[in-house]
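Take a look at the structures below.
Here come two complexes built around subunit A, the first alongside subunit B, the second alongside subunit C.
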Partner chain A sequence: MSQTIQIKAFGMIAEKIGSSDLSLDNPGTLKELRAQLESQFPDLVGVKFSFALNKKMQLADSEIPAGAEVALLPPFSGG
Partner chain B sequence: MEKERKPKNIFVQGPISPEKIAQSIANHSSKTDIGGHSIFLGQIRADEKPEGNVIAIDYTAYEDMALEKAFEIREDIFEKYPLTCMHIYHSLGEIKVGEICLFVFTSSKHRKAAMQACDELVERIKAELPVWGREILDTEGHVWKVNT
Partner chain C sequence: MNRFSRQVILQGFGLEGQRKLQASSVLVVGAGGLGCPALLYLAAVGVGRIGIVDGDQVDLSNLNRQVLYGEQDLGKNKAEVAAAYFQKKYRDIKWEIFPEVLETGNAKELISGYDLILDGSDNFPTRYLVNDACVLLGKPLVFGAIYQHEGQVSVFNWGKNSANYRDLYPEMPAASEIPNCSETGVLGVLPGIIGNLMALEAIKVLTGYGKPLANKVLFFNSLNSQSYEVELSPRPESSLQSPQTWEALESLDYALACEGVKQVSWEEVMGKMNSNIAFVDVRELDEKPELNCTGLWKIPMSVLSEKQDFLAHSEEILLFCQSGVRSLKAAQTLISVFPDKKISSIKGGMNALKKS
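Let's look at the complex of A and B:
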């Protein structure tokens, strides 16, 4: 049974993906999500970005809970 | 009495006007226990890049997360320093060279708490808020801002 996750991309990552919102089947962990994104969007290979799950920063191998809002965050450059 | 603090919107569409800053200072004249203010103003610099000269920065943010984080930072700083007031404003959208994009304002009885809190706030805002600057160049291209 697959479940969908909502992905929000920001800054340089949104530019490379060509969109700031995506829906994907939940691959299970952030590590698998990164691999899936890199195969779908080869421009992301080697690009530095972090993940937030439901607006909290996460480790790169965290599990993705059902229905999570996953954000792809390039290095911050506010101020 | 301890005041209850709630998340506030820190984002301003467009540049922060000098008039807003002046008004914000004036608004504190009735708070007569304040003895010192510290203010940091971030201004868009005309950087020269190999790809062209910066003429503006277009800021975007993960607003919901940024507001939660800004609230957490506010609480930490209020806990750490004896402050009377703290205000944070960050621009979104296109801000031209020479315009103000960040306004951080702390007030306390004595200057040192205000100055140290202001400095720490600016560092944490730059490091921890999910905000991004797209530097617009005079060559019609752009580069993504990198915080140092």
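Let's look at the complex of A and C:
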């Protein structure tokens, strides 16, 4: 089983990361993933976004299964 | 043969679908980049009664995406121009025009009169307000929003066990965290696509034809034409975060809840000026129109951090700029410097003063 996870970033999160697709070693949980992303990309500190794990929104902390796709979904306000 | 014959012959839609549309009503909140295309198709498909609420005027910079308006409409109210356009085009729709901003004070009256609400607003406080009002009134809400080259669409609060905006984004973001079209730019086609998807979702909810995006959020990227759909579930915590009664909703300051900054109107500012209040123009010195009055400080954003000590002796600080965006950011900065002072930003800035 692959312990790599695929990150898909949207909107301003993709801009701050500098890419919309990213492969990472699985940090274990969404909480740990956020901490890892924030240390790797300090621009993300304090930025609000939601996680989708294998295309399901996860607002509580969750374990990240092997090979998962994790989407980083910020709110948009424009109209 | 009538103007709906091509959709009436669709299997599963038929005369029954048409009758449902003719008997239904939609309130479009914001006749801007999303509202314009959505309105075009809601009107074409034959929704019987359509309300438009928008307190804004047509500006030249709107015309790349707000396709209902032309150069002859500059300065006119959007809800009025849009309704006049459609009244000439179709005779079978009842139009209701609200040339005002949707606020906590009028939300109940406006929203309760319609079967479905379509949110084409352009700011987080309005989006949370529309969502919470729809939750309280049990109205389905078609949601759409854009950021630069990307859009989001969903149907909230449709039937039982349906998620809403607070299930997607429980924490209210500030405008300064996520720039809008006027700051990042936008190709008009993107709100055109998202607004059309919103009209489509509204038609599906009203007729029962097809499957609405309830408990789902669709993301669309116009640069690579890719879409991404995620599943959303209602959470018990979300219903506790939104106001439980109208009294609670009406007493909530949505702008303050999002921004952490109190926003005031020119009317509230006029007449309360005194020597304990620092009244500050944060525009650069060459910006027009110039405002001159006694007790006014001119401290442009570019030098605010160097000159903020000038404000140390004032009990209260009132900030304004051209449109209210920079003064909001200035207020957020100053609140962290002077946490004990009362600091507010004037809503709409100089643009709002010209209108008031």
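Odds and ends about this structure:
Note that in this section the second predicted complex is superposed on the first by the 72 of 79 C-alpha atoms of A that agree within 3 Å, B and C clash if a C-alpha of one lies under 4 Å from a C-alpha of the other, contacts with A are read in each partner's own complex, and residues count from 1 in each chain.
Operating definition for what follows: a residue touches a chain if its C-beta (ideal position, glycine included) is under 8 Å from a C-beta of that chain, and two chains touch if they have at least 3 such contacts.
Quick caveat, the model's predicted, so the values are computed rather than measured.
Judged by the touch definition given at the top, the superposed model places A:Met12 against both subunit B and subunit C. Looking at the shared chain after the overlay, A:Lys55 reaches both subunit B and subunit C. In the superposed model, A:Val47 lies in contact with subunit C only, and not with subunit B.
Applying the stated contact rule after C-alpha superposition, one finds that A:Pro75 touches each of subunit B and subunit C.
When the two complexes are overlaid, the chain among subunit B and subunit C that reaches more residues of subunit A is C. In the superposition on chain A, subunit A positions 8, 10-12, 52, 55-56, 71, 73-79 are in contact with subunit B in one complex as well as with subunit C in the other.
Listing the residues of subunit B that touch subunit A in their complex gives 42, 59-62, 64-66, 68, 90, 101-102, 122, 125-134, 144-147. Touching subunit B in their complex are the following residues of subunit A: 8, 10-12, 52, 55-56, 71, 73-79.
Across the interface of their complex, subunit C is touched by residues 8, 10-12, 47-48, 50, 52, 55-57, 59, 71, 73-79 of subunit A.
Contact residues of subunit C toward subunit A in the complex are 30, 32-35, 119-124, 127, 144-148, 150-152, 167-171, 173, 175, 177-181, 186, 191, 217, 219, 221, 228-233, 235, 237.
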